[in-house]
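Heads up, the next two complexes both have subunit A, just with different partners, subunit B and then subunit C.
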Partner chain A sequence: MSLLGLVLTIFVGSMLAALVSRFGRLHAAWLSGVVVVVALIQLLFLMTPVIDGETTIERWSWIPTVGLDLVFRLDGLGMLFALLILGIGLLIVIYARYYLSERDCMGRFYAYLMLFMGAMLGIVLSENIIQLLIFWEMTSLSSFLLISYWQERSDARNGARMALAITGAGGLAMFGGFVLLGEMVGSYELSVILDSGELIRNHPQYLTVLILILLGAFTKSAQFPFHFWLPNAMAAPTPVSAYLHSATMVKAGVFLLARFFPALSNTPEWSWLVGGAGLITLLVGAIVALFKHDLKGLLAYSTISHLGLITLLFGIGTPLAAVAGVFHIINHAIFKASLFMAAGIIDHEAGSRDMRQLNGLWKYMPHTALLAMVAAGAMAGVPLLNGFLSKEMFFAEAVSAATYLQLGWILPALVTLSGIFAFAYSIRFIHDVFFNGEPIGLPKTPHEPPRWMKVPVEMLVALCLLVGILPTLTVEPLLRIAAGGVLQAPLPYFDLAIWHGLSPALLMSLIALIGGLLVYSLRYPLFRLHDRFEPYVQASKVFDALLRALHALAAAITRHTDIGSLQRMLAWFVFSALVLGISGFAAGDGILRGPRTTLPLDGVSLVAAAGVIAAALATVLLHRRRLLSLIVMGAVGLIVALIFVKFSAPDLALTQLSVEVVTIVLLLLALYYLPQRQLPESGLWRRARDGLLALAAGGGAALLSWAVLTRPFTSISDYFLDNSVSGGGGTNVVNVILVDFRGFDTLGEITVLALAALGIYAMLEHLSLSGPTVDRRGRPWDRDVHPAIMGSLTRILLPMALLVSLFILLRGHNLPGGGFIAGLVTAVALITQYLANGVRWTQARLPANMHPVIGVGLLLATLTGLGSWWFGYPFLTSTFSHMHWPIVGEFELASAMLFDLGVYLTVVGATLLILIFIGMLHSGDDTEHKPAGESA
Partner chain B sequence: MEALLSLIIGVLTACGVYLMLRGRSFPVVLGLTLLSYAVNVFLFAMGRLTIGQPPIIREGISQYTDPLPQALVLTAIVISFGMTAFAIVLALKARAELGNDHVDGRES
Partner chain C sequence: MIETVIPIAFTLVALAVVLNFWRLLFGPDAPDRILALDTLYVNTIALLVLFGIYSASNIYFEAALLIALMGFVGTVALSKYLLRGDIIE
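Now for the complex of A and B:
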């Protein structure tokens, strides 16, 4: 039993939920419920040391080379949040099963929900702040998926996008803050950071770190001016809203404030920034909530207001205020979840959320009405309900903070104002929905929901009452543990009594109650006033305008730079590379020729050089006569292979030779489908410009080569030369590097090759091109395209060619050869069959489906690498031994050879897949008579 | 000899760049191929030029050429083929979808 296991349980549950949903509609719901219960049980066991006041730290090695460990931490604060996340999560799982309709995909919903839940758990249980950040970003992403669950609705898509943009931007800022903080403290682990409060607060970069981290916290917890994404996220299914608003997402922001409270608080900057944002959010949320006719809209702004309240408490910064903040986190989670669920029930059973339509529901759903009214009472802060207790503490803190602030009376005054509006919107929620006459134009007659849809609400409302009436017996122990986790210090004295005598806080509550009733009775004139000014003060409109401006700017930049001409772009690219190269040359010491002695020239080399230069130039001059230029270019490739032979690179020469063959076949095949006619050439000016650029590029490359080649150098290759035989078991160092020393690179490279082949396959599928039927002089194509002699010869040659490739493959570890070369040779041998005998003949004997070959090759290479894990070595450690075979003699067997076999199979598969599919593009039905390859 | 090889690299680069700046897809692919020859030879030459010392360990021989650039270039050659194939298939696809073989998809 471990914290890692706890988090993983939820993530695995997410995947399973997606899987099981295909076997039945409700399976995902059941599975999620069971998984959350299992996680809760694990948490109960893990909690024991925390209840005794200890902090559990669990460490798993993650990326040790950069000092990153997977570290989990369970202390009081984490425990409280884990309980909230899992406990309310379980109720949401039950509720959603009844809320979602037949049309909604259950598997997708529960998979996203569990993903989100797992990410939230990860945040609250992380010890390493980089790890915390990763989970943080995961909540942004998974909440995006949840909010946009009803993808077909544009408001859901817009809301999800807005939430992602805002919280994502905040996460980015927070990332910066965390990195600075980590560098400042010298550790990314919370235990160290929380102990370094003095160091952090006195550091010159304290303010930067504070602002960056607060940006992350404020965007997530919807503090002004980033609050507007939350109401727009209401487009999510109601269970999601209930979850986001109560135990998760927005609470992640206040969790962060609580988490870093010991390290960052207790400075004027903290008080002004956190307290200021909290106060404004508290007021704005409470006032706007009253004017929302949408039931969920009212609740959303109420959430904003309550988050402002919690933030303000942390901003006040005294230990007692922090305790009150934690208390309100608990209470708000409980009553807000139940209120959202009640709102969902009303929406579900009455078909509307508009409070101008919903009236008098008391008669139709008295049970739900009662539950909602109790919860709304808790939201308003009515005595004997949980909201009252934390609100009293909050008022008391506001009053005591006022004693040491300049103009201190403003704070309690504004807080009371927010209390007035909180009462007013709570009364509106109760009165407008359940009383106030008869429903107006509802799409259906309201009725009570299914039994189990109400059970989660009932449980939460019962909690509201229990906490409100018997605080010391119910919530106090949990609150003490959690607050201890926040403060990381002994708790201040506090008393959770319902009656504190006649205190200023009680007076403020009374004013709020009376004022709230007054404001509510004046609501109609206030609504009219609001309707007049509302269009001018919408933050989301500002956001939309900013976003539109950004899009317009991006579009303008694209329009002006990307004019859709590859030629123009390439010319600019070459030009920029030249400018960079020349400035590099100019900044150097200016000496081109290095001190290294050069090799003497010889006649054969001169002739070969003349040949390759002539062939390259001819390719350019003849490029409008395509077939001819292709043949000449083949000559260039062959001479390049000779260059490799000359300068001690037999492996390269073999590779170049075999690649040359497949390249030419490939281009010949492609040529068949490209226009044959003479094409207009670009104008003289264009050609001159390109010629100049090309000359400059070529000159630069030549000078650069000359400068490098004439200078001495040191190489890291001595290691490879020394260890090739002893460590890799092969004498061909190039091959040993490929399959052993740098085997991981090779694995990447064959993966790229496989991807290229699959990409080509994807592009060519369903593509049909017609080749020419007559040649340039109008003569029909020769139909006798498979000369009998050639056909028979290639069939005889095939086994021999395959044998040669096998030989090359096997000897590759010690002599020039190996998987790449052998694969290409095999591919050439098989392609020859297509060319000489036609597609139909060959396909009858050789399956064209090369995907399995590629797959097996990649799998083999990967498994060879994984195999070394089995023996406790790092990935791709090779082993070898010598064994004696009868007749063959001494034979060496290296695990790297298995890897090379994987390389071989991938190369064969990829090459054949590409060539066969281009060859089979032909749309005509006379494939047998005219395979594409014959066009050459 | 070094000068000669530098010249070859330069010529291959120049021819490759010129062809890549053409308007039709086929010369562009030819240019890409030429340029990848140039790049491969250039990378290979970074191990400096040696004659008759292939990096294959034998008894009694202690001088070998640098094997590392060779290993890098070997895979580069194969990947170049993959890239050429991808580019030419893109050209084919563009021709099928757009009806011409101009790199920008429009006759001009």
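Now for the complex of A and C:
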């Protein structure tokens, strides 16, 4: 049982949720629920040392060469957040199962939700801050997917894009801050950073680091002026809103404040920046919330306001304020999740979220109404509910902070003002929705939701009451552990009593209560005032305008530099390469010819060189007759392969030969849609210029190779030659390098290949083009689509070609060959069947769906790499042993061969996918030959 | 014996390669060039095998095998293009 395992459980759950939803609508929900419960149980076991006041640190080797380890940390703060994330996550999983309708794809929803949950857990359990950042960015991405879950709605797409732009930009700033911080402290690990508070605060770059990190925290937790993405993210399904705005996403921002509290706080800069942003957000959120007619809009601005409250508490910077901040994080998570869920129920069962339509729902859904009213009371800070306790602490902190910050009455007054509005919007939530007459024009008659949709709300509301009435028995132990994790120091004295006597805080609560009632009773004139000014002050409009200006700027730059001419771009590119090369060369010793003696010239090389030069020249001269230049290019490729053979690079030769054929097929496919004859498009002068440029560049490259080849040079190849057999168990050094020494590069390359294939597939899927009906000379195409001789011959060829590719694959580790070449050979062999026998014939015999092949290939390669972790070695360490088989004789088994098989499958899948889909672009006058896949 | 035969064979095949190149470069028409490329593939195989016998090594034979296979496919694709324009249909 480990923290890594805990995080991985959720991520694996995400993948499984997507998979199992194929077999039934509710499978994904059940699976997610079980996975979260399993994770919670793991967490309970892992928590034991933390409860005793220890911090668990767990280290896994990740990328040791750059000093990056996967390090997890579980302390009080992380434990609190992990509990909130998983606990509320479980309730959301249950709730969403009833919330989503028949039309919504359950698998996709739960997969995204679990992905998000895993990323959040990663944030709160990270010890390494770079690792924390990676999870941070994952939450931005997965929340984008969640918010845009209803992809067909433009508000969902816009809201998601806005959230991604804001939180992504903040993440980027935070990255900068983290790197500076890491360099400042000399370590990227929290244990060191949290102990280096003095060093950080006295560093000249403290302010830069602080601002960059705060940008990350503020964008995420929707602090003013970045608050506007949050209301726009309300386009998400309500379970998502409930989750993102209670326990996660926005809480990640305040988590960051809490996490870095010991390292960054306790300076005037911190107080002003964090406290200032918090105070403004607190006020703006509370005031705007009152004017939102949309139930979720009100809750969204209330969330903003409460996050401002928490930020302000951390900004005040005293240990006691931090304790209050942590306390309010807990309380807000509980009541806000339940409120969002209640709003979702109302939306679900009444068909509207507009408080001008929703009235008097008490009669229709009394049970839900009661739950929502208790939760709203907690939000307002009514005594005996949890919100009251932390709000009281907050008021008290504001008063004491005002005395030592010498702000006089301003801070308490503003805080009380926010309290007044918080009371007013909470009353509005209760009174407008559940009382205030009868519903107006609802699309359906409201009724109570299914039993289990209310259960999560009931549990949360029960918690509101328990914490509110018996704080010392329920929440205090947890709060003490969590606050200890924040402060990394002994806790200050505090007392979670409901009655603290007649204190300034109580007075402020009373003023807020009375003021709130007053503001609410004056709401109609206030609404009219708001409607007059609202169009002028909308942050999201400012954001849109900024974004439009940015787009316009980018478009203007593109317009002025790129006129869409490939010739011009290439001319500039080649020209600058020439200038750079020549100036670089001139700056050196300027001697072209090195001291090495040249090898004697032999006849074979001379003939090959003459052949390749002739063929290359012919390609250039024939370039307007595309087919002919393609044929000649085939000869160029062939000679190049021969040159590789001559200079003892059989692997390269084999690769070149296979790539050559694939290229010919690909270009022929494209040629069909191009004009058969191309006329000169540019004038003589320009052609002369381009010709000169090309000559100069080609000549330069030749001279450079000459300069390199004539100099003595020791490469790293000796190392590979010496270690190939001992380290990788293969005598073919090229292949051992590919699958073992540089296996990670190969894995990256096949991933890129797979992505490219899928990208091409996505772009071509529904495209269809029409090609010419006559050939270059105007003759109609032959009517014999698949000549019998061609068809029969290629069918005989197939088993032989497959045998050859199997041979090349298996021997690859020791003799020329390997997965890449074998994959190309197989792909070519299969493509031949498409060429000679047609799409329909082939697809009747061979499944055309290449996605699983690519997927299995990548998975195999990755799993082989991961396999070495299992045995405690770094990623992609290969192992091998020799076996003696009867008949076959000595046979070597290397784990790298499995990796090679993965490469093979990916190459086959990607090549086939690309070629077949380009081949099927042709819409065809002849419906008989439509590919089978398209008619289905 | 073999020492005498190989240079002669080599010369003859090389001559054939030169003639292939003539057809490849000067056509006159696309089918001529496709055939020239195909024959070039065949002659290359011959050259490789001869070179392998000459240097008593079988390391060149895979290249020859692959040229045999790939050359055929290239020719099929080019011919199909001449015939129908659309090579995968």
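Quick note on the criterion: the second predicted complex is superposed on the first by the 590 of 936 C-alpha atoms of A that agree within 3 Å, B and C clash if a C-alpha of one lies under 4 Å from a C-alpha of the other, contacts with A are read in each partner's own complex, and residues count from 1 in each chain.
As a convention for this text, contacts are C-beta pairs under 8 Å (C-beta built on N, C-alpha and C of every residue); 3 or more make two chains touch, one makes a residue touch a chain.
Just so we're clear, the structure is a prediction, and the values are computed from it rather than from any experiment.
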> Who does A:Val640 touch here: subunit B (first), subunit C (second), both, or neither?
Replying inline: first
>> Going by the contact rule set out at the top, does A:Leu695 touch subunit B (first), subunit C (second), both, or neither?
In response: first
> So, A:Gly759: does it touch subunit B (first), subunit C (second), both, or neither?
Replying inline: first
> subunit B or subunit C: which reaches more residues on subunit A?
Replying inline: B
>> Tell me the contact category for A:Ile631 with respect to subunit B and subunit C: first, second, both or neither.
In response: second
> Can A:Pro650 be said to touch subunit B (first), subunit C (second), both, or neither?
Replying inline: both
> Looking at the overlay, what does A:Leu671 touch: subunit B (first), subunit C (second), both, or neither?
Replying inline: both
>> Let me test your reading of the model: by the given contact rule, A:Phe527 touches which partner, first (subunit B), second (subunit C), both or neither?
In response: neither
>> Contact-wise, after the overlay, does A:Pro816 reach subunit B, subunit C, both or neither (first, second, both, neither)?
In response: both
> Both subunit B and subunit C contact which residues of subunit A?
Replying inline: 630, 650, 671, 815-816, 918
> Given the complex with subunit C, which residues does subunit A contribute to the contact?
Replying inline: 607, 611, 614-615, 618, 627-628, 630-632, 634-635, 638, 641-642, 645, 650, 653-654, 657-658, 660-661, 664-665, 668-669, 671-672, 771-772, 775, 781-782, 784-785, 787, 790, 794, 797, 800-801, 804, 808, 815-817, 821, 825, 828-829, 831-832, 834-836, 838-839, 915-916, 918-920, 922, 924, 929
> How about subunit A: which of its residues touch subunit B in the complex?
Replying inline: 564-567, 570-571, 574, 596, 598-602, 605-606, 609, 612-613, 616-617, 619-620, 623-624, 626, 629-630, 633, 636-637, 640, 643-644, 646-652, 655-656, 659, 662-663, 666-667, 670-671, 673-675, 679, 682, 690-691, 693-695, 697-706, 708-710, 713, 715-717, 720-721, 724-725, 731-734, 737-738, 742, 745-746, 749, 752-753, 756-757, 759-760, 763-764, 767-769, 814-816, 820, 824, 907, 910-911, 914, 918, 921
>> Under the stated contact criterion, what part of subunit C meets subunit A in this complex?
In response: 14, 17, 21, 24-25, 27, 30, 33-34, 36-37, 40-41, 44, 47-48, 59-60, 62-63, 65-67, 69-70, 72-74, 76-89
>> Can you tell me which positions in subunit B touch subunit A when the two form their complex?
In response: 1-15, 17-30, 33-34, 37-38, 40-42, 44-58, 64-68, 70-71, 73-75, 77-86, 88-93, 95-96, 100-101, 103-104
